[in-house]
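Two complexes are shown next, each including chain A; its partner changes from chain B in the first to chain C in the second.
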Partner chain A sequence: MNRRARPGIARLQVARQLITTQYAYMLEYRAEIALWALSGVLPLIMLGVWQGSGAAQRAGLTQAQLSHYFVAAFLVRQFTVVWLIHVFEEDTLSGKLSPYLLQPLQPLWRYFAAHLAEQATRVPFVLLMLLGLALLNPSLLWLPSATQLLLGAAAIWSAFILRFLLQTLASMLCFWSERAAALDRLLLIPYLFLSGLVAPLETFPEPVRRLALATPFPAMVDFPARLLCGEPVDVAKGFAVIALWCLVLALPCRWLWCRGIRRYGAMGA
Partner chain B sequence: MPLALVPWHPPLWGHGGMTIQRYARSLGLFWRTSIEAETEYQLNMLLELLSVLGNLAGSLFVLSLLFSGENSLGGWSWHEALVVLGIYTLLDGFTSCCLQPNLSKIVNHVQQGTLDFVLLKPIDSQFWLSFRCLSPWGIPALLMGLSLISLGLLKSARGVQLESLLLGTALLMSGALILYSLWFALAALSIWFVKVWNATEVLRYTLVAGRYPLSAYPAALRAVFTFVLPVAFMTTVPSQALLGSASLEWVLGSLTAAAISLLGSRLFWQYALRHYTSASS
Partner chain C sequence: MIQATALSKTYRVAEKQPGLQGTLRHLLRRRYRDVAAVQGVSFNIEPGEIVGFLGPNRAVKTTPLKMLSGLIHPTGGELSVAGHRPERRQSAFLEQITLVMGNKQQLIWDLPPLDSIRVNAAVYGIDDQEAKRRIDELAEMLELGEELHRPVRKLSLGQRMKAELLASLLHRPKVLFLDEPTLGLDVTAQARVREFLAAYNRRYGATILLTSHYMGDITALCERVLLIHQGELFHDGELEALTNRLAPQRQVRLELQQAYPREAFEGYGVVESHQEHQVLLLVERKQLTETVAALLNRFPVVDLEVNDPPIEELMRGLFRAAAAPEQA
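What follows is the complex of A and B.
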């Protein structure tokens, strides 16, 4: 087929090929992905602690609201995991990035497709864990309405793009430093404590809550989790905040990529 | 498996003082060389310090949220809960210093076939794999953990008593042994499933549960954290002992669990090696 004549269709084909090959690749590592899925139980552990403390009721959350929130946060966490920097660091250090640069495709798309494929591989494991939760205590789960589900899925996916962009920004440092992944460990700290992953934002003292909301982190967990579990939330504003942060992050990413690629001397330079 | 690769196990605890001396001398050499190699990355110390401080601040923040308007968490006062968090931080430092730099490499050895060389060395392979490296990057966490424990103990109602300190230290060591055995057994799984390179990371994520006293969890989780993933023996039991409220059954349970898991890791490794087929065969 003539690619020049129909660039849109050609692009779609590239995307489909990328995702299907990456999916086949990820399926090979399903044991590892199952372990990764298991490592996302943090919100459920935190649910256990919060259930035993009266602090959540004091902040105006009922037991049902609390458990639904944390189960939703667990789902959000499962499908917004980004590990770009670890792979990208290895690829720049070992020179594996070089052949990707020769191809007529921005290499970051390849990593993006790998993440999507990994999420698809996770689905059965996450369903299995939800089934386990349902068997353990059915009141932990709830049946979201179709709109909740659709909006929630859209929010999770936007949150994933936001996290991907944030890590892309950190990954660009790989062109300048050999241990850029260490920086990501620092970025993980505010994500862990300010996003709502370990404590619902309602329980924060007001000044800390305002500080948290000024960062992109609550948009990564708190907003999608709330949408999913049916808590009242400003939908339009939430999506607008994510879009704004994406824009704020995408511009420096692009700039650093162009500068970095000029610095990149393949291997060992 | 070629005959040359049949693992040779020199007795670790046998044949008089010579063996122990040889192992001690090797250990000294191992640790000196690995510290020298690691200190080349000095910026890492700063990053590590920031990361420990940030994580500690975050943990204290969440703990303060759990305590807001309450005066206990599962029957533990704020200062008592600080001891638990301190022990968690201490064990995290131990993980960064001793466990992570060694045990995360087992997977690479299996994947690249370099385990063959380890098995050929005239030294016990579990000893070599577990103690070859010592990394200084856990030191900030070790120091923070110790200060948090001291703070909690000094401010807690019971104060510091010598016998509780001794018992607590003993139980802390047995907790560390359990942690080591778990890590080692998970890393040894790579003999069968080459790509479990992050199984140990998974362990690190689930051990986060040890930040809070066991009684803060609902009954079902308590059972899991005692029998399946024994975080109870790592943080809660030593904290109880340090605070002078140890109970006989928990002390015995902890010592038994440590003995069983250590022996288990040893037997598991020997069993795993029988299934090792080298990288290309």
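What follows is the complex of A and C.
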């Protein structure tokens, strides 16, 4: 029999071991992660576009509000990147999922830990990029209060969980289709336009803004970004919306997992 | 420990004809064919047994292992492994089994094996002290040392397989499913893995189910073999009994002092080959003793050898005979 640690401690040990091992693995690919971090500059490009157009001022945003919003959106984007569907698709098709299924741990936790480790690896590169921004134009940055920072970090992490669950839902289709990752490209369009990544939600026409708010996408960028840069937001409502969407997505994820796993052919294994 | 009753697995395979016409037909009206990998197979395996799975191809041999380990769901029949239904994949079941695949690895490629092994220890709830003790014990049995600290990609195939075994056995499973555990290993590494598996079986009384296309693995480890032929269980018993069943005759090789015509040997059995001083006869097992005695009595024999035909050859003959009508 296995000499077992107490259940709570055992779960912590699993989390610690998974994250530290994945962190060691991600460090092996630090150059690739630095490039990924660099590729996440879309909000900064959008800042340049919006600054020149004057449309933000017409929507009632000052220059500082606009730049702070896009820098915050840049940070949110950096720490909410999810690539689950691409690895899950490969693992399902090649049979790499099989060893994970043979252990008493839900395989999705491994992918979750890999994402957390990747975020940790990304931190120094993001800090360097912020330093670069500060040197180029100090007015782009601001010093958030401790509350803003804590709530902002919590909102970014919640947004990451929400994105992870959305992509888990799409990943479950890998059990039925060999090219489920194509769905991620389809999801990218509403994510880009409705999340607030390319434009603050205030600048949207009212019907489009209402439509966007009825989807989970604003919770993935707009809410954490506004919280981080000190814009007035309903904090409780923002977190409640994320929690609700997480629940809405988690239930079909579980349902699809239970059905999908029966279809898994363990091919290549 | 393991009970399978009327176990079946059918795969649905899409069929496509070549060419543009075939492609369009495949797109508009896809046709499927059901392929029965296993049908109505029943067997019981007792705790501590080492059993070999034999079959015409890898898919047939691997399918039962995948069902027994809970990776795939059977199409029909009942399965029980260590008191659990494998397809439910309950933690209490998963903690008692392991599946080692020669062509798939669980170790993280760019990190030393110890990193993956520590993750396994945490997943199975083994505390650090106990994990270290088990790693040391298994590493000694497998003759692994500083290899555990080198990235997996830098290890030889044999070292990697030994590290895979260590990672897979850390939780001391009671049932081992081994799918081609010596695939691609050199002769020395194959022998080492076989010795280790036999030692693990003796030390922990583990039940082992093994597939391998190296008959050396089967003959060295398995007291019992299950042969699946055309989806059905063709043989369940000792390897020797399978040989007897597939080859009711034995080979008698004679080396003679002088040459005799072929006809001189025809009354003793089937003359398989005849050269001047050497003759190869196939003799019915039941008549072997009296036939050998008669041969020694009549001919000036310099050397005599009695052999079973190689098991690989016998199985090839069986599978080829079954494939021939399908191809016709």
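Note that in this section the second predicted complex is superposed on the first by the 262 of 269 C-alpha atoms of A that agree within 3 Å, B and C clash if a C-alpha of one lies under 4 Å from a C-alpha of the other, contacts with A are read in each partner's own complex, and residues count from 1 in each chain.
Operating definition for what follows: a residue touches a chain if its C-beta (ideal position, glycine included) is under 8 Å from a C-beta of that chain, and two chains touch if they have at least 3 such contacts.
Since the structure is predicted, the reported quantities are computational estimates derived from the model, not experimental observations.
> Based on the superposed arrangement around chain A, label chain B with chain C as either clash or fit.
fit
> Classify the contacts of A:L130 with the two partner chains as first (chain B alone), second (chain C alone), both, or neither.
Touch partners of A:L130: none, neither chain B nor chain C.
> Touch check for A:V41: first (chain B), second (chain C), both, or neither?
A:V41 contacts chain B only, not chain C.
> So in the superposed three-chain picture, is A:A31 touching just chain B, just chain C, both, or none of them (first/second/both/neither)?
Touch status of A:A31: first partner only.
> Can A:L108 be said to touch chain B (first), chain C (second), both, or neither?
Neither: A:L108 stays clear of chain B and chain C.
> Determine, under the contact definition given at the top, whether A:T203 touches first (chain B), second (chain C), both, or neither.
A:T203: touches chain B, not chain C.
> So, does A:S53 touch the first partner chain B, the second partner chain C, both, or neither?
first
> Closest Cα approach between chain B and chain C after superposing, in Å?
Minimum C-alpha separation, chain B to chain C, in the superposed model is 7 Å.
> Across the two complexes, what residues of chain A are contacted by chain B and by chain C?
On chain A, the overlap between the chain B and chain C contacts is residues 29.
> Under the definition above, what is the set of chain A residues touching chain C in their complex?
Those in contact with chain C are residues 2-5, 10, 13-14, 16-18, 21, 24-25, 28-29, 95-96, 98-99, 101-105, 261-262, 264-266, 268-269.
> For the complex, which residues does chain A have touching chain B?
Touching chain B: residues 29, 31-32, 35-36, 38-42, 45, 48-55, 58-59, 136, 179, 182-183, 185-186, 189-190, 192-193, 198-199, 203-205, 208 of chain A.
> Could you list, by residue number, the parts of chain C that touch chain A in their complex?
Per the stated touch rule, the residues are 11, 66, 69-73, 87, 89, 91, 94-95, 97-99, 101, 103-106, 108, 110-111, 115-116, 118-127, 130, 171-172.
> List the residues on chain B that touch chain A in their complex, please.
Residues in contact with chain A: 41, 43-44, 47, 50-51, 54-55, 58, 61-62, 65-70, 73-74, 193, 195-199, 201-202, 205-206, 208-209, 212, 216-218, 220-221.
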